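Quick one: structure below, then a few questions.
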Amino acid sequence: MIIEKEEILPGVYRIKFEVPAPYFIEAQPGRFIQLEVSHDPFPVTRRPFTISSVSESSVEIVFEAVGRGTGILAEADAGRSLRLLGPLGSGYRLDPGKWLLIGGGLGAAGFPGLAATVECDLLLLGASSQDKLLTIRETETVTITEDGSSGRKGLITDLLETVHWEAFSSIALCGPIPMMKAVIDMMPVAARAITQVSAEARMGCGWGACEGCSVPKAGGGFLKCCSDGPVFPADSIDWERWEGIH
Amino acid sequence: MDKPYKWTFWKREFTSPILLASGTAGFGLELMEQGFLTGAAAVISKATTLAPREGNPPPRIVETRFGLLNSIGLANPGVDEVLDTLLPQAACLPCPLIINVAGETVEDFPAVIERLEESPVPFGYEVNVSCPNVAAGGIAFGASPEIVERISTLVKSISSRPFSVKLTPNEGSIVESAKAAEEGGADAVTVCNTFLGMKVDWRTGKAPLKRNVGGYSSPALLPLTVARVFKTSEATSIPVLASGGVNRAEDILELLAAGAAMVQVGTWLLRRPDAARELRESMISLLEGSP
Amino acid sequence: MDKPYKWTFWKREFTSPILLASGTAGFGLELMEQGFLTGAAAVISKATTLAPREGNPPPRIVETRFGLLNSIGLANPGVDEVLDTLLPQAACLPCPLIINVAGETVEDFPAVIERLEESPVPFGYEVNVSCPNVAAGGIAFGASPEIVERISTLVKSISSRPFSVKLTPNEGSIVESAKAAEEGGADAVTVCNTFLGMKVDWRTGKAPLKRNVGGYSSPALLPLTVARVFKTSEATSIPVLASGGVNRAEDILELLAAGAAMVQVGTWLLRRPDAARELRESMISLLEGSP
Amino acid sequence: MIIEKEEILPGVYRIKFEVPAPYFIEAQPGRFIQLEVSHDPFPVTRRPFTISSVSESSVEIVFEAVGRGTGILAEADAGRSLRLLGPLGSGYRLDPGKWLLIGGGLGAAGFPGLAATVECDLLLLGASSQDKLLTIRETETVTITEDGSSGRKGLITDLLETVHWEAFSSIALCGPIPMMKAVIDMMPVAARAITQVSAEARMGCGWGACEGCSVPKAGGGFLKCCSDGPVFPADSIDWERWEGIH
């Protein structure tokens, strides 16, 4: 059941669901849920959302209304019951040491949970404008926007020049594929090796059965976003092929 | 369907008529872990081919207004890996496992099944003749009654396990192909599979699926399945396994009334992994509640 | 599709790509009376046969959860009455009239068309080869490319008016049949028709339609039409008239993008007699609004 | 737009629609409207309802919730806008002289308009019980119910024995097919000849195009309920074949 709903940015919503059992509290950051957005059979499949944060009795997501399913969700009021499946997939490998988080747009939706779990030293957030920029509390954040409405004006890659890559022992990266690829391409090889990316793909089931959610694998073949991921070592992905999909 | 409701299929008795359709339940392992196989008579595996197959380029799943297009491309690790890894794990399933078999040539089908005979796990096979016949320029095997009969005869000759031939609704005559499968010794026919479908973005003129067309499934296709189940069950005396459009208990009862021996649930399982339990329960309530 | 939006079909220019599908608009007379033909490029008449046909026993229309089953049975007054009464009235239609022709034998088609040639009214013909071929045990004419080609050649030889061959999605290969129609001289193919469907009441085990199966139509079938339009328009160079599943302006644009020359609206017209105007208007707004 | 809605009997509703133009006032009794019950494409077809009564700016129907479409209508509140097509079909031939009206259950839904137009001398109404019995104001009414909860206990045919058929110059009959056939079978031949029945059939279009609404015609072939009717001379129907349909 939806217990809270808020439009945190224009067209971007935070929804908190009540969950009966406390199994979400165990969910490591980066895992996701599958939401049944309508009582009708249509749209047929559920919609996947990264778990943004959890408590004993609740789970939160942050999403942007981009289409049909998220449009229905954006209209849903507190009190509405929706079927929710999860936590699904595997999240970030929670290595000790200092973390650098790099998020593009709504890619940062999963960072609150991650930032609360690991030792997050620096958070770089980019977006087209302030309107699309999530804020994540209690973390040193540097922002950049394409229109300069928050932080520097430019692309997230412009922030990378000054990063001391050696200072971090883990990097989390999440955002649109071209943005992630640009970031990966600019990284020193050593940084790539410690980078985990949170991937997105159209999903059928969300639990490993349908082979619908393929992400091109480095060296050939495909990974299953829903069960091999959605968080993957950056090196396990074939970035060229992946970029070609969209 | 006497109380305590039983369905007999391939000489076994089941307390549910529900089969989990190929490609939507994996090998049942993920569902078993969650306890979601309750209510399922059997699991039908994803397609298994001789060689491993990567499958089609993504996106592989595209929604339309009232249904789903898929272009999985029979992605699977190949029969060796299925034998080495998946079947041993599937030995623990709480229900039988039927292996769905696909091929690119007529000979592929018996070749894959010959290998699968090495394992004690399969309860039977589902021979997917909806896939394109490479030698015949990509027309589905199922479009030709002669080829359906030949494949059935070949499979029969190398395995004593029961098998169903999964027919295509897209080409040829499903009734003629069903008769040919029976003639060749098939122990059932599966009626049917996804329908050829496509989506085009009118603004860009592009299809989201890289291969343009894919397999379409939707609860709105149920009447198409009902008609084909009715016609094939009239024309043959082997069991008909219905597949297509089920998302309610009423749909299952309707397909049984139309002549199906068992009923598969596919796409709906993607949305409700515990569909078998849910559907079976509400089916039983309907049966109890009916005069 | 340049402004002021024009679609050329059979050498005429139209300001709309919308055709009213056979069997859902009568001969256009009732719609004309209400001023509901605005927005329609042409009306396609209900099936005309050599002899009058009573049609099937009622009920002829049965709704399913997501679509409609019909079992009209080509009810029509026969070609004589069409010539004597309906065509003279239809001379006043504000748009061209295409006559849909059906038959029980191959020879019926040219026979009906030969008669229709006596009237100046028809703009062209739509030859419905989805109906059962009595001589071939009820399999649709359209299932056999040879028969499709023969019918097309016969029609071509007796009429200089353009004609489309309306193919069936239920049997055979729609692509092969489309090629055969082109080979035989058809000026277009209509892709496609209703899909074989059925409903059964699970409580009684009975089908509401007396003939059990009927023709199924539904907005949820649009992706099936899109795929078939795409494949036939790739395989032939004659215009493809799309038919099946349209109920929104987006659907029309999608079918045009998939390769259709014109788009038919059938079932939706039963619900919205002014569908042509409504759909055309909202299609133009979409086109104007698009970058 | 729905301007009034009332549950007049259990599961039976009266709905009044506002209509923009006054063309309904001209509609002769027995004509019908086609209502689009949902904004969705499903159910696909409209639902036909006899016009119960009309005013300059409104039209009323009385219906029973028996399935999907009428179920949706039963839930619709005042203020809801629905597309309405009509008046359709042809109604009663309004011959002068005394009228006898015979209605079974909801078959009487169209009688208020008719009773207000013709010289209605007697109204016979039958139903399974009082719960299903419509009341039509300002007309001498004799009722009969199967359970005796209103009027005599029995079937409508039990009321016919005492009818002075010669006293009437027109008879209107409407109800379930078996009831109508039973009434017709009991009538003197002369009465049959002056009887008009209001027929029902599953409809596709409602305006004559689809041949969906067949009613078996006396002497063979079919009538179109929507455009040849829905009101027909009793003699024009093949009652044996019609009864066989259901």
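A few points about this structure:
Which chain is which? They are A, B, C and D, in the order written, and residues in each are numbered from 1.
Everything that follows uses one rule, which is that contacts are C-beta pairs under 8 Å (C-beta built on N, C-alpha and C of every residue); 3 or more make two chains touch, one makes a residue touch a chain.
This one's a predicted model, so the numbers in the text were calculated from it and none came from an experiment.
Look past subunit B and you find the other chains held together by touch in these sets: A | C, D. In whole angstrom, the spacing between the mean C-alpha positions of subunit C and subunit D is 35.
For the pair subunit B and subunit D, the distance between mean C-alpha positions equals 49 Å.
Separation between the centroids of subunit B and subunit C, computed from CA atoms only, is 33 Å.
Those residues of subunit B in touch with two or more other chains are numbered 65-67, 218-219.
Taken together, the touching pairs link the chains end to end in a line with two free ends.
Per the contact rule defined earlier, chains pair up in contact as A-B, B-C, C-D.
Listed in rising order, the residues of subunit B touching subunit A in the complex are 23-26, 30-31, 34, 46, 54-55, 57-63, 65-68, 70, 72, 75-76, 217-219, 247, 267-273. Those residues of subunit D that touch subunit C in the shared complex are 36, 41-46, 68, 83, 85, 201-216, 220-222, 227, 245. Against subunit B, the residues of subunit C that register as touching in their complex are 64-67, 69, 139, 143, 171-173, 195-203, 205, 207, 212-213, 216, 218-224, 226-228, 230-231, 250, 253-254, 256-258, 290-291.
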